[in-house]
Structure formats: C-alpha cells, structure tokens
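Note that chain A is present in both complexes that follow, paired respectively with chain B and with chain C.
After this line comes the complex of A and B, so read on.
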C-alpha cells in the first residue's frame, strides 16, 4: 500500500487531483456539450452562418437588429409566446395550488384523485398532441359530439385564432398539472399541523390560515414551481407544432417554432442563435425577478 | 350543530367537484384507449360508443409490426435502448461527480458548484444550434449517441446526488478512511450503495426525460429506423388519415403506456424526488 502510494502519486488521497479525477467524466461532457456550445452559440449569433455556406463572416448586431424590426415574424411569435405564458403559467399555478389543497383534505379515495389529476404529466408530448387532435376534431371529435348533444354550438377549436390559443393553454393545463400540483401537495404535507392548531385556538379564520400560514410556508415551492413553469412555458414547442402547427395564420406560432424553422428548415443558423439568446435573456430577466420577490427568509 | 351541517355540505361539494375533475382528466386517456381497441371503421360512428364492439388488438399489431411512415415497434426498442444507456451512464458519471462536491474540500469547488447550479436554469435552446452543428460535424446525427451525450452534460443529477450525500453520516466513511481505504474504494463500497434511494429517483427522472424528449430527437433523427417514440409518432401521424384513428391512437397509447405504468408504481418516489432536488438544498 505504502509503495503504491509513492509510485502512483496522483492517485494518492493527498494529491490535490483526487477531487478532479472524480469530477473528470462529468466535466468532460459538461464542457464539451454545455459550456462550449453556449459560447459558440453566442459567437454564431454575430455571424451570417448557414449550415451550407463556405464563407462565414461576422455581421455585428445585424441578426439581432433584424429580429427586432417591427413586424418581423419573430416578434409576432414572441408576442404569442408571451400571450401563452401569461395565460398558462398563472392558470397552472392557480389550479395546481387549488387542486393540491383539495386532494390534501381528508377525502375518500384521495390517492385515486391525486393519481388521476397528475398522471398526464408523464406522457410524452407527441402522444398528448395526437390524442387531443383526435378529441378536438371539428367533425368527428368527441368534445364537439357532446357539445351538440347538450345543444351547444359546434366549436372551431384549432381553426379559430382565439380558441386555438385556448386549446394550447388547455392542453398544457391538462398535461402539466401534475408537475405543479405534486410539489405543492408535498409542501402542504410538510407544514406542521401544530401551526394550524395554534392559530385556530387564537381564533383565526380559514382565509387567515391560508394567507398567514399556508402561503408563506409554500413560498420556496412557489418559487421553484414558478421558475420551472416559466422556463418550460417559454420553451413550448411540441404542443403547438403538432396540434395547431402555429395556425390559423400565425395566431399560435411561438418563438421556439420560429427558431426551429429559421434554424433548421431554412438553415439560417446565425439568426436562430441570435433568437435563442434573446429568449435566454428574457427568461433570465423573469427568473431573477421571481427570485428577488419570492426568495428571502421565510418568516414563521 | 350548524357547523357540522356546513362542513358536510362543503365536503359534498368538494367531492363532486373532484369527481368532475377526475373525469375530465381521465377521459382523454380512456378515449384514446377505447379508440385504439376499435376497428378503424368503427371509430367515427354516430352516436359514439365507449365500449369497443368488437374489441380488437389488430391496431396494436399493425402499429408494432408494420405501420406506414414510421415503425413504432422499432421506435419502442430505440427509446428503450436510449433510456437504458442514458440512465446507466448518468448514474455512474453523476455520482462520481457528486462525491467530491459533497465531501471534499478543494480549490475551485465553489466555482464548480456555482456552475453546476447555474446550468440548471439554462434552457435547451441556447445550445440547440451549436450542438446540432457539433453532431453534424462529428457525423453522429441519427445515432443513439446524439441523444445520450447531451443528456450526460445535465447537472441535475450531480446536484441532486450531492444533496443526498450530504445527509449520509460522515462516521461511516471516516472509519473506512482510517482503515486505509482509498478515496475511490470508500466511495464505491460505502457511499455509492448508501446513495441507492437517490439513485433510484434519478433513474426515474432520467427515464422520463429521455423517453419523453421531443425537440432534440426531432432535430437530430430523420432516419425512421433510428427514431425514438415521440419523433416516430409525429412522423407516423402524417402517414394516416382521419378515418384511421384506431391505428393512430394505438400508436399514441403505445408511446404513453410505459411512462404511465412506471408512474403508477413509483408515484411517491417521484413526488419526493421533485422536492429534494428542487428546494431543500
């Protein structure tokens, strides 16, 4: 043992290299597939790179300025993304919290209800899109069938700009509820019952219990769920491309879809990179805002 | 007395609300399953029927063996392979990296740790274009590796396993180190086995994310024999008409069933994992 240590010095426990040997495999992949692409992406965003071009030259801020030209399709897509995020994230957080509170109550069969409401969040987006296109089919879809049964007018669903956006929001709510409800549920179960008991003895109302005990203690979870839903919301892609295709017109075209087409159907990679960095900055901005307002010590 | 009545009414209303919700949430899945068990010509009948008559697994056989556009059976195998390889390598690489971050003091540790946490918030599209170019230049498009390698760059597992390792009592490894065990032996024989619950959770999360990943595989796989399920499903759909929804739904359900089944058996673990990884740091 002693001898081996002397000969293989870098593997000895006292060698400062030991932690780096443990980290090496991960860092290799991390640097190669995360750090390097980030930096290269930033560089590409200042060039006129296309996959097929021989000559690449830097164009300064031109890609960025072109994207931010009024009326550019990117701005329209970005606007739709904001609309989607503005609708879907509050709805998800609100429903997630409300449903978590309900299925946390001592109700018969609550395990069944928890599973039923959360299960869709593990289904892949292509399956989700296929089954919702089928259900929402204008002519032979199940939902329009029941609408007619109830004497309601046939809905256009994905063929009308307004309802098409609603469809995307609705499918997101259905498919992502679990990823919001379950953390809230776990958070609710972590709150010690004594807090409520003490407050009830002091004569607190139901609303006050929620406002002054539940909500403050859920703050870290609200932050976690809020940030992750925001990041996910800005990345919405599969639901849109497979259900509405961005239509009708450009009414549900989202930023990710535009980026995908510009980058990989038209191969304007410089422009696509610039787009991804604009999106990244927007997300960073909102993430930081959320951290500023929701983090900070929880007061008991 | 009065409050008891009020409580019962509230309870009843809540219960009805929950039942309606559960129906709304389950109906799409059940309708997909029901449609997939019908003959194609029975899928667009009026009035609609919930119980397939006759019930048939013909659609599943079509989907898994032949199928136009994309072969779902092959895609199923691809998805399984990619998930398995990704899980195996993620567990090894991430637990190795988590160990020094949890247990050793060394120069540069705060920086590494900050980068690990920071990269949790990086959305995929910031690296989409350069990563694509990279795999294109390496001629690795349409291989398992273009899905596996980027997954190994995710710092999620490192962070989560580190958090778990912090909760393992130090005495256990100190005894081993005093006995002359090397750092690596200590890690392999003591820490790694004790991390098992976290490794199980990480396997699950890795399985879900690699099985369900859509955008990146869509970009990098255009050979139908190499596609994973979500990508194959999207191609599959384009080859079928509205009068063949039985077959399409059989494909959709084939894609959804594995994750749903896994979810039913591991629900508690997933909920716990979501929390320990996200917050309690």
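After this line comes the complex of A and C, so read on.
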C-alpha cells in the first residue's frame, strides 16, 4: 500500500517529473527528427558521404571550400536569397501591420476583409505557385491576355531577371500575408483601450498614438513575426522552384533550391550539408540580432 | 489460451494467401506519375493474368529526384524492388557503384529474353563500360510537332514539311501571325519545350559535328565551333523575331493553337491527342547542321542488386513480356518501341504519329553517360537559358559552362577534390 502511494506520487502535480511527462512526446520527436539529424548533418559536412557507397572518410573543410570554387552557384544562390529576404521580409511585415490596423478599425465589411486577406495562407504553396504561373505566363497568361486586349505590349513577368524576383516577392506576400496579419491583429486587440483614451485626452495625434502606444506594445509580436518570417524567408523554396525554377538563367535561384539539388539530385550530400550549416549560421546570426533589439520587457 | 489460439488463427489466415498462391512475387518500381502510370498498371495486370507463376506488384513513386533517392536507399538498406525503371542518364550512378545486377547472357537466358530482337542502337542506352545493365522499355526522342491545319492555311504542304534549315525558317515566317499593332498572336515556331533549349541545343551540337564530352569522357568538348553554331542558330532566330524573346514553355501554346511548330518528345502525344480541335502530326527533327541527329533518352528496365538471386528468373521473364508487348506502351503512352518484332508489326505501323521517332532510330544521341549527368544537365540548362534571355553572350555562357563541367568531371560523386 505504501509503495503504491509512492508510485502514484510521481503523477502528483508537485512531482518534478510531471512537466517532463507533458513535454516528452514533443521532445522525443524533436531529438530524433531534429537534433540528431542536425548533428549527423554536421558530421556529414566534413565527410565525402553519399548514398552510393559504404566507404566514408573525413575530408576536413573541403566541402566548405568547394562552395567557394569559381563559378559555383552557391554564392550566387545565397546572394539571391539575401536579395529576396531584404525585399520580402520588410514588405511582408509592413503590409501585415498595415492591414492588421485596417481590419482592426471599425470599417464596413471588416469580417469579410479579415477572411479574404488571410485566406491565401491556408492554400498549399504548390497550388499558389501553379495559379500564378498560369496568370503570369507570357504566351497564355491571363494578365498578358488583357494587356493585349487593351493594346498594351506583352510583359515578360517571370521571364525577366528583375520582374521574376518581384513576382516571387509578390506571390509570397500574397500567400503569407495571413500568417503575419493575424498575430498583429491579435496583438492590437490586446492593447487596452484606456491607453489610447488617456493619450487622446492629452491631445496626442494619430501618428503619436501609433508611435508611442501601438508600436511599443506590439514589440513581442513584432519579434515573433519578424523572426519567423526571417527564417521562412531564408528557406524560401516552393515559390521559386515552381514559378521560375530559379530562372531566367539563375537570377532567382535561391540557397535552399541549390542545396536540394546538390544533395538529392547530384547526390553530393557532404556539400549539401555544408550549405545547410552555413545557412543555419546565417539565420542564427540574424535571429540573435533581432532578439537583442526587440526583446526586453514591455511595460503596460 | 483462447487468446493465443485466436492470435495463431489470425497469423495463419494472413499467411494463407502466400501458401496457397505459391506464386513468385516480384516488386516493380517506376516513376510514371503521369497518365503513363495507368497504362503501365494495366500492362502489369495483363501480365499477372497471362500466367500463374509470377505476381508483379507495381509501385509508382514521384518522378525525378524523389524516385532515384528512394531507389538508392532501398538498395543500400537491402530491400530494393526486383525490377525498376531507370533513365539512361542515371544508369552510370547505379552501375559504377555496383548497385545493379549485370544482365549477362546467362541471366537473360533464364527468363527467355530475346536480346537479338532489340534494335541495336537503343541497346547502347543500357550499357555502362561495355556491360549491359538495363534493357530499353522504350526510347523517347525529340522530333518536330506541327499543327496540320495551320500549315495548310499557310499554304505549306503538310506532307513535305520542314526537314532542313531553310524550310524551317521559311515555315516559321509564314506561320507567324501578328495583330494590327505588330504584336505576335501566334508563333510559327517555339523551340522551348519544357521551358528550355538544352535538348534542342544538344541535338544541334551533334548535327554540326560536335560532341558534348571528349571521347574518354574526362573533359568538356562542346565549347567548339559546333557548340557555338548550334547556340547561335537560336540567337539568330530570336534576333529575326521568329521565336519568342524569352524562354517560355511551348507545351500549352502548341496545345491551344498559339504556336504552330514545336520540338517535343514522344510523351507529349497523349496530352496533345486529348486536346479537341488540335490536328497535329510529327516529323523527324529538322536537320540544321550537316549531319542528322536527335536527342533521346530511354526508360531502362534494371535489376537492383539484392542479397539473393532467386527472383532473377521471374524478373527477367517479366522484362521479356513487358518489352514484347511494347505496342500497348507505344500506342497509349506515345513512346517509341525498341524491339524489331514490335516495330515491324502491322499494329505499330498503324500508329502514324510514332513513325517519325522510328525514322530517327539510327541517329539518336544520348545525354552524356557519366555519373555527373544530372549536374551537367542542370547547369547546361541554366547557361543556355541565360543566353536565350540575353543575360549572357554565346561565348561567355559556353566558357562558363566549360569551366563548370571540367571541374565537376574531376570530382566523381563522393570525391571532394583537392
């Protein structure tokens, strides 16, 4: 009887084991499917491992140095990824916040706009990409069809290096707006109305309300959305692969796409692992910076 | 006790089919995710019904990289299928690293495979360093597709079409339709099937007497007069406004009548035939250079390496049946047969569209059969694409590509170089 009570005690809410029991299902998956493969990937990045032979030997930094070979596409792809992140993330955050404020205001058809703006978020990337490929095709696309009807010249859209990148940014903005707008909207609704009322009595302008109340109180949301969008931005893959295939030439080829191809199509897993670790360090670096500038207590 | 008995009963019941059947079960993997998957599924059903010794279980895996990665992993872990499809360009990876059973005359004999019935050149697709590792289920070359109605309307005799450079350019001019503002509403010719000109350029390279690699396959050989002339051909057409200014896929424009001639592979036949009001025909790849040549690939049937050889006999029997019945594969999936008995059959001769591919059988060119084939193809496509989109000059692109190819050839997969 005594023993039984003791074993049951493990499940009492004071037992130190309880939180771990709740965390266990996630942690097990996390360790086996995230942590272990990551460490294995780090090891592979220093070897000549392939799926083709059992012989594996370490090769030092060679895989990393190979990425710097003249004409290697990794640096070009990485450059394109930075270009994409630099363009897409600020635009995405800005539009997300703007639309959150708009649909938070008491406007007519508010529910409709809320749903409409966040709807693309639930569509699969592949479907989004296919949809836009058809709309933007040079010869058979819908937009060029109406351009022709209006007597305007056909546009290149995804076939010109500059506009191709813009299309990728635009499509990912369209597809991801919901995932940015919704947290902002939730954050806005969490801000107590009294602050605004008090400030208005003190004669604050609309801009000041935004600058000194809304923005500081949204900081935790901004951090969350900023970090998650930055990580997602560096890992952009679906839109590029399906809409431009990295083209024209390799002007929209991004790091994830190159990494995938080198690893799974060319079977050079060592080099691909090296790339993924470089990408990991870059994302880590920017995430730390964001944390440094945006974290800190929010005083209500 | 009761529980034990019921468990035993369940186990016995599940084993029953295996015991009663007594059939050899063969696993067959392929990557036919398009309509061709259904056709192959039917053929497998027919094979299973045709005899009672062998039961083929077919599995379709996603085309391209996912398929090849899964196939490699299955061999690595000792659980591969007994028969698999492999593109000829990926054969070197499997063959070099000893991932396949060689198809020795003795192995083929067991299943009664009539190797002598295969056309000679298609057989070379399945060879690596002189050893046969795969038999061609088909070959699928490129040829010229044209819209018969458009040609008739433009006063071109569809029976005497574009077989050389002058004819092609002349037809491209006649078939081009512009609106009153000078905008193109229909292209006479679009050489950009699947959004690229890699296979088209590769064909012309050989037509001008060049090759992609040196004979010993250790260096790039395309940065030659032939390579430049082949690429310049497309640039010239573009400068004359006869083909689109940027790389856009030709498939849908051809299907919907916004393009009159294009170059495509055998596999486009079923899709185009589905299209109402599209009256099309096929003729051999136009001869632009001084030689005939046409790009081609092949779906090879291979025997992934396993610990035991016990199912090899059944596997080769299946391969024999499948290739002997290519007519169904050709009629419905469009691909060109490789066996003399099929090509010479009356049933095949009725398939008028497929005849153009048979006419090319003597001068097909395979992509380089080296283990770096995928990286070479991918990078070539990008460099050619860059020229087509005017981001690079012909000379610059070929030089950049040469640097890449020469570097990657010194580094087989798994070797990182110095």
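What we mean here is this: the second predicted complex is superposed on the first by the 258 of 300 C-alpha atoms of A that agree within 3 Å, B and C clash if a C-alpha of one lies under 4 Å from a C-alpha of the other, contacts with A are read in each partner's own complex, and residues count from 1 in each chain.
Note that contacts are C-beta pairs under 8 Å (C-beta built on N, C-alpha and C of every residue); 3 or more make two chains touch, one makes a residue touch a chain.
Since the model is a prediction, treat every value here as computed from it, not as a measurement.
After overlaying the two complexes on the shared chain, residue contacts for A:289 are found with neither chain B nor chain C. Of the two partner chains placed by superposition, A:215 touches none, neither chain B nor chain C. In the superposed model, A:151 makes contact with chain C only, not with chain B.
Of the two partner chains, chain C is the only one that A:50 touches; chain B does not reach it. In the superposed model, A:277 lies in contact with chain B only, and not with chain C. With both structures placed on the common chain, the touch criterion links A:137 to chain B and to chain C. When the two complexes are superposed, the chain touching more residues of chain A, out of chain B and chain C, is B.
When both complexes are overlaid on chain A, the residue A:266 reaches chain C alone and has no touch with chain B.
Of the two partner chains placed by the overlay, only chain C lies in contact with A:69; chain B stays clear of it. In the superposed model, A:186 makes contact with chain B only, not with chain C. Once both structures are placed on chain A, chain A residues 51, 137, 140, 260, 264 are touched by chain B and, in the other complex, by chain C. By the touch rule above, chain A contacts chain C in their complex via residues 48-53, 55, 59, 62-63, 66, 69-71, 73, 137-140, 148, 151, 153-154, 156, 159-161, 245-251, 253, 260-262, 264-268, 270-271.
Within the complex formed with chain B, the chain A residues making contact are 1, 11, 13, 16, 18-20, 22-23, 25-27, 29-30, 32-34, 36-38, 40-41, 44, 51, 99, 102-103, 105, 107-108, 112-120, 122-132, 134-135, 137, 140, 142, 145, 174, 177, 179, 182-183, 185-187, 220-221, 224, 227-228, 231, 234-235, 237-238, 242, 256, 259-260, 263-264, 269, 272-273, 276-277, 279-280, 283-284, 287. For chain C in complex with chain A, the residues that touch the partner chain are 64-66, 68-69, 72-73, 76, 93, 97, 99, 179, 181, 183-185, 187, 195, 244-249, 252-253, 256, 258-259, 372, 374-375, 378-379, 382-383, 385-386, 388-389, 391-392, 400, 403-404, 407, 413-417. Across the complex, chain B meets chain A through its residues 11, 14-15, 17-18, 21-22, 25-29, 31-32, 35, 43-44, 46-48, 92-94, 96-97, 99-101, 104, 106-107, 109, 112, 115, 119, 121-134, 136, 149-150, 152-153, 155, 158, 177, 180, 182-184, 187, 208, 211-212, 214-215, 219, 229-231, 233-234, 237, 242, 245, 248-249, 251-253, 255-256, 259-260, 262-264, 267, 270-272, 274-275, 278-279.
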